[in-house]
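First chain A sits with chain B, and in the next complex the same chain sits with chain C.
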Partner chain A sequence: MKNYERIFSDSRFQTDLWNTLYFTIFFIFGCLFLGIILAILVDSKVKGAGIFQNFFLFPMALAFVVTGTVWSWIFAPGILPENPEGINLLFNSIGLSGLEWKWYTSTDSFINFNFALIPVIIGAVWQMAGYTMAMYLAGLRGIPSTFTEAAMVDGASGWQIFWKIKFPILKPITFSAMIILAHISLKIFDLVYAMTGSGPNNVTDVPSIYMWETTFRANKYARGSAIAIIMLLLVAIFIVPYLVSSFKSNKRA
Partner chain B sequence: MKKLLVFFSVILFATSFMFAAGQVEIFSWWTGGGEEEGLNALIELFNEWYPDVNVINATVAGGAGTNAKAVLKTRMLGGNPPDSFQVHAGEELTDTYVITGLMEPITDLLAEWGISDKFPEDILSICSYGGEVYSIPVNVHRGNVIFANNAILEEAGVDSIPLDWDGFFAALDKIKEAGYVPLALGDKNKWPATHLFEDVLASTLGPDGYKGLWDGSVSFDDPKVVEAVEIFGRLMDYVNEDHAAGTWQDATLMVQDGRAAMNVMGDWAEGYLKTLGWTPGVEFDWSVVPGNEGIFMVVSDTFGLPKGAPDAENAKKWLKLVSSVEGQDTFNPIKGSIPARVDADKSLYDVYLTWSMDDFATNALLPSIAHGSAAPEGFITALNDVINAYVTDRNVEKCVDGIIEAAEDNL
Partner chain C sequence: MAKKKGKKIIVYILLTVFLVGFLLPIYVLLATSFKPFDEVGKPLMWNWPSSLSFDGFAKAFDKLKGNLINSFILVIPATFVSAMVGSINGYVLSKLKFRGSNALFAIILFGMFIPYQSILFPMITFLQNIGLYGSIGGLILVHIIYGLPITTLIFRNYYAEVPTELIEAANIDGAGIFKSYWKVLFPISLPGFVVVIIWQFTNIWNEFLFAVTVTSDPTKQPITVALVNLAGSQVVEWNVQMAGAIITALPTLLVYIFLGKYFLRGLLAGSVKG
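This part shows the complex of A and B:
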C-alpha cells in the first residue's frame, strides 16, 4: 500500500498519467480519423488503390523500435535557428521557417498536455493508421451494394450514404478498433523509449518506462509492480466492458 | 576436400577436449568495438600461459551490460555461477553480490601473488567490503575529463581550458560570443547529465567531502551540495538546446564536427574521437573538469570469484592473468583504457592515456555515481530523475530536496 501512496505522490507518475491520457485520446482519434479516410479512398476504386492499400499497411509491418528511431531522427530539432536538423531543415529550406519548432525537446505544456508528445503521437498514428484502415476496409467491403444502391435510388447524397448508412454499419468496427488501439496506447513502451526516452522533465514519459526503470534499473520490484498493477487496471477499464459485450452478443447469436 | 576438412576439425575438436585439464567460463558484456578485440587478446594470452585449460567465452551483448547484468543475476541466484565475471567496481559488486554472500574473498590470492601493493589503495578499497578484497580491477576509465575542439578554442581566444569555475564560465561566454555551442550535452539517456553533475559535486565538496557522502560523514543538505546544484544549473545555460534529443556519442560528435567547443565525458569519448580520425593533442585537447585537480573519477571493470564456481582453480588462473602486468597491458591499449596497476608499461599507451596514468598513480580516486560505483542502483535511478527534472525547471530547492530524499530512500 505504501508503494501505491508513494507513486501517486510522485510528480513523475502524475506526469505519466496525464501523458497517457492525452496520448491515448489523440492517438485513438487520429488513427480512427485517418483510418476511415484512407479506407474510403482505397474503397472508392481510385486508380492504383490496391498499391496504396499496401503502402498504408507497410508501417504496421515494422517494429515500433525501428519507427521510433527513424522518427527520432526526423523530429530531432537541431540548434535553432542556425542549425536546424531533420524536419526543421526541410521547413527551413522550403521557406516555412516559421514552422520550425523544438518538437520533442519542447518543455511547454497546456493544461498538462506536454507539446513534446505531438511528435510521438504523429509517429504512433502513422504506424497504426494503416491497421485501422484495414479494419474499416474489411467493413466497407462487407456492406452489400444493395444498401447503397437503394439509397442512391432514393436520391441520397454521397455524404448522406456515408453518414447514415455506412457509418452505423461500421460501428462495431469502430468499437473494436478503439479497444485495440486503446490497449496499445496504454501500454506503449518501445516507440517512446526508442524515440525520446523520458524526455526533459519527463515530458514524454509513460508509465511503462517508469515501471521498467523502477524494476530493472533501480531493483525496486515492489514499486515497479505497483505501477504495473495500475497499468493493468487502466487496460482492464477498456477491455472488460468489451469482453462483456462481445460475450453477450455471442450468446444472443 | 570438404570431407577432409570436416574430419580434421572433428579431430581437432576432440583432442582439444582430451588434453584439456579443464575449462573456465568467463562472463562479460565486452562485445563492442575495441572491447571484444581486447578480450580475445586476453583469451589468447591465457591459452599461451595455460594451454591445457579451455576458455569458454560467455558474452551477452547489450550496451553498458544492461542485458548481461540481468542474465548474470539470474545465474548467480539460481546457483549456476560462471567461473568469473565482469562487474563494475563498487556498489554494483558489493551491494548486489558481496553482501548477499555470493562471492569468495580473494585477499589471500593477491598476497600470495605478491601484488597487493601494485594497485592504488583507493581502487582496492572500492573493490572491497569488510576488509576483504572481492574483485580484481582490469581496466580504469576516467570520468571527469573535458574534451575540447582546439580550432574553436583558438578562434574564441581561449588559450587553455581554465581549471576554476570563474575562469571556466568566462571562457564559456567567449565561446558563446564566437557563435559556437560552448558545452555539448546529450542526455536523452539521462545519465550524461548525472555524469556532469557528479563532477561538479566532486569539485565543490573536494575528494574527502565527496567520499564522506557515502560513509555518512557528510550530509546531503551540506551547503556545498547546494553550491554544486547551482553551478550545474549555470552550466545548463551553455549547453546545446537540443540536448534532450542526443546521446553521449552525439555530444562528442558535436565537438568533433565543429559545432560545439567542449564536452564533459568519460575517456571512452577519447576512444570515440580517435575512431573519428582525431589525434589527441592535435585536433583536440583535454583537461580535468574545473575544480577537479587531484581528483580521478574512476569507472573500473573488475573480475571476481563467485562462490560455488565449478572450476575455481582455473578461475584463479584467469584472475592471476588479468591481474598481471602482461594481462593488463595486453587488454587496455586495445580497449582504450588504462591499466589498474601502477607499474604497467607506459610506452604502450597514447599521450592522453599516459597523462591519465600519471594522474591515476597520484590523484585521489573517487567512485563514480552515474556508473554504479558510489551508490546502489536505486539511488542512481532516483538521482537521474531529479537531475533530469532540474535541467528543465532549474528549481534549486526542489532539486536539493529530491537528492536528499533519494539519499534517505536508498543509502
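This part shows the complex of A and C:
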C-alpha cells in the first residue's frame, strides 16, 4: 500500500491524472462532435460522399507514431516572436500572427488544464474522428427509410427528423463510442511519446508514459506496477459495466 | 428545388473544409519528404519542394530497411496464427455452447480492453523465463495472445450467422468436433478471415509499446520503434523523418486503400459487441 500512497502524493502523478482527465474529456467530445457532423454530411448522399468518407477514415490506418511524428513538426513553435516554425509560420504568413503561441511547449494552465495538451488533443481527434464517424454512419444507415419518409409526409423538417428520430436512435452508439474512446484515451502512449514526450514540467505527461519510464528507464518496478494497476482499474470502471450491459441487451434480443 | 441545390452546395463546402483539415498533415508529410535538406529549413516549411528530391527517401530507407523486414517477419506469422486460433475459438464459443461459455467469452472480451501497460511487467518476466525476451519471436507470441480477443469476437459473430443445423448434420454423419469445423465451417470462413487478417495486420504493424519494451536491440526492432528513434540525433533531418514516416505508413495505407471495406468491418466489429 505504501507504493500507492507514495504515488498519489507524487506531484508528477497528480499532473498525469489531471492531464488524463482533461485529455479524455476534450478528446471524447471532439471525436463525437466531429464524428457526427462528418457522418451527417457523408450520409446526405451527395455525389462523391463515399470518397470523402474514405479520406476521413484513413488516419485510422496509420500508426500513432507516424501521426505523432507529423504533428510534432506541425506544432513545433519555433522561437517566438522572431523565428516562428510550423503552424505558427503558416499563421504568420497569412497575417494571423496573433494566433501564434508556444503550443506543446507552453507551460500555461487553467484550473490544472495544461494548454500544451491542446496540440496532442488535436492530433488524437484527427486520428479518431473518422472512427467515430464510421460508427455513426453504421447507425444512420441502419435507420429504415420508412421512418424518415413517414415523418416527411407529416411535414417534419430536416432538423426535426434529426432531433426527434435519428438522434434518439444514435444514443446507444454515442454511448459505445464514448466508452471506446475513453479506454483509448486512458491508455494513450504512442501518440504522446512520439509527439511530445512528457514535455516541460510534465505538461503533456500521462500515466502510461510515467509508468513506462519509471519501470523501464528508472527500474522502479513497484512504483511502475502501482501505476499500471491504477490504469487497469480506471479502464475497468468504464469497460466492465459496458460489457455487462451489452451482454444483457444481447440476451434480450 | 432551388433550396435543395443550395443545401447540396453547403454540404460540399463543409465536406471540402473538413477534407482540407484532414489532408493538411499529409501535405506536410509529402512536401517535406520530397525536399532536399537545404529546403527543409523553417521559412519554406509550407512550400511545395522546388524540385523533387529523393534524398530523404534514400536515407530513410537505408536506415529503416532492416526494421521494415523485421516488421514483416513479426506481422505475418502473428496475424495468421492469431486468426487461426481466433477462428477455432469463435467456433467453440458459437457452436459448442457449454456451461459458462458466455462468461468465458466476456472474460476474453475484457482482454481486449486491458491496457498494455498493466501487463507489461509480468509479460517481460515471462518472456525472460522462456528465453524469448528481446527477440522478434517473443513479440510474435505477445501479439498472438493479445490479438485473440478481437479475432475470437469477429469469428464468433461471423459463425453465429451460420445455421447450426449444418454442424448438426455433419455430426449425424459421424463427423467429430474437429472434423465438422474443418469440413463444414472452415471452407466458408474466407470472408471472416479477410476481415480478421486485415485488422490484425494493421494493428500489429502499427503497434509501438510492446515493440519498444520487448526489443531493445535496434537490429531487432520493428519499424515503428525505429521511426521514433530516427529523431534521436542532434539535428532532426525532417525530410528523412517524414520520408521514414511515409515508409512506415505505406503497407497499412495500401491495405486500407485496396481493402478498406474489410478494414471498416473489423473496425466496427470492435465496437458492436455480441
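In the analysis below, the second predicted complex is superposed on the first by the 253 of 253 C-alpha atoms of A that agree within 3 Å, B and C clash if a C-alpha of one lies under 4 Å from a C-alpha of the other, contacts with A are read in each partner's own complex, and residues count from 1 in each chain.
The definition used in the following text is that a residue touches a chain if its C-beta (ideal position, glycine included) is under 8 Å from a C-beta of that chain, and two chains touch if they have at least 3 such contacts.
Remember, it's a predicted structure, so these values are computed and weren't measured experimentally.
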{"item": "Partner chain in contact with A:W71 - chain B first, chain C second, else both or neither", "value": "second"}
{"item": "Contacts of A:K102 with chain B and chain C, given as first, second, both or neither", "value": "first"}
{"item": "First (chain B), second (chain C), both or neither touched by A:S93", "value": "second"}
{"item": "First, second, both or neither for A:N83, with chain B first and chain C second", "value": "both"}
{"item": "Touched partner set for A:G199, first chain B, second chain C, both or neither", "value": "first"}
{"item": "Chain B versus chain C as contact partner of A:F216, first or second or both or neither", "value": "both"}
{"item": "Between chain B and chain C, more extensive residue contact with chain A", "value": "C"}
{"item": "Touching partner for A:L243 - first (chain B), second (chain C), both, neither", "value": "second"}
{"item": "Chain B versus chain C as contact partner of A:R12, first or second or both or neither", "value": "first"}
{"item": "Residues on chain A lying within both footprints (that of chain B and that of chain C)", "value": "78, 83, 85, 216"}
{"item": "Complex interface listing, chain A residues touching chain C", "value": "34, 37-38, 41-42, 44, 46, 49, 52, 54-67, 69-71, 73-74, 78, 83-86, 89-90, 93, 126, 130-131, 134-135, 138, 176-177, 180, 183, 186-187, 189-190, 193-194, 207-208, 211-212, 215-216, 221, 224-225, 227-229, 231-232, 235-236, 239-240, 243-244, 246-247, 250"}
{"item": "Residue ranges of chain A in contact with chain B within the complex", "value": "11-12, 72, 76-80, 82-83, 85, 102, 104-105, 107, 196-203, 213-214, 216-220"}
{"item": "Residues on chain C engaged by chain A in the complex (per definition of touch)", "value": "7-8, 11-12, 14-15, 18-19, 21-25, 28-29, 32, 42-43, 45-46, 102, 106, 109-110, 113-121, 202, 205-209, 213, 224, 227-228, 231, 238, 241-242, 244-245, 248-249, 252-253, 255-256, 260, 263-264, 267-268, 270-274"}
{"item": "List of chain B residues in touch with chain A within their complex", "value": "70, 96, 179, 181, 188-190, 240-246, 259, 376-378, 380-382, 385, 388-389, 391-393"}
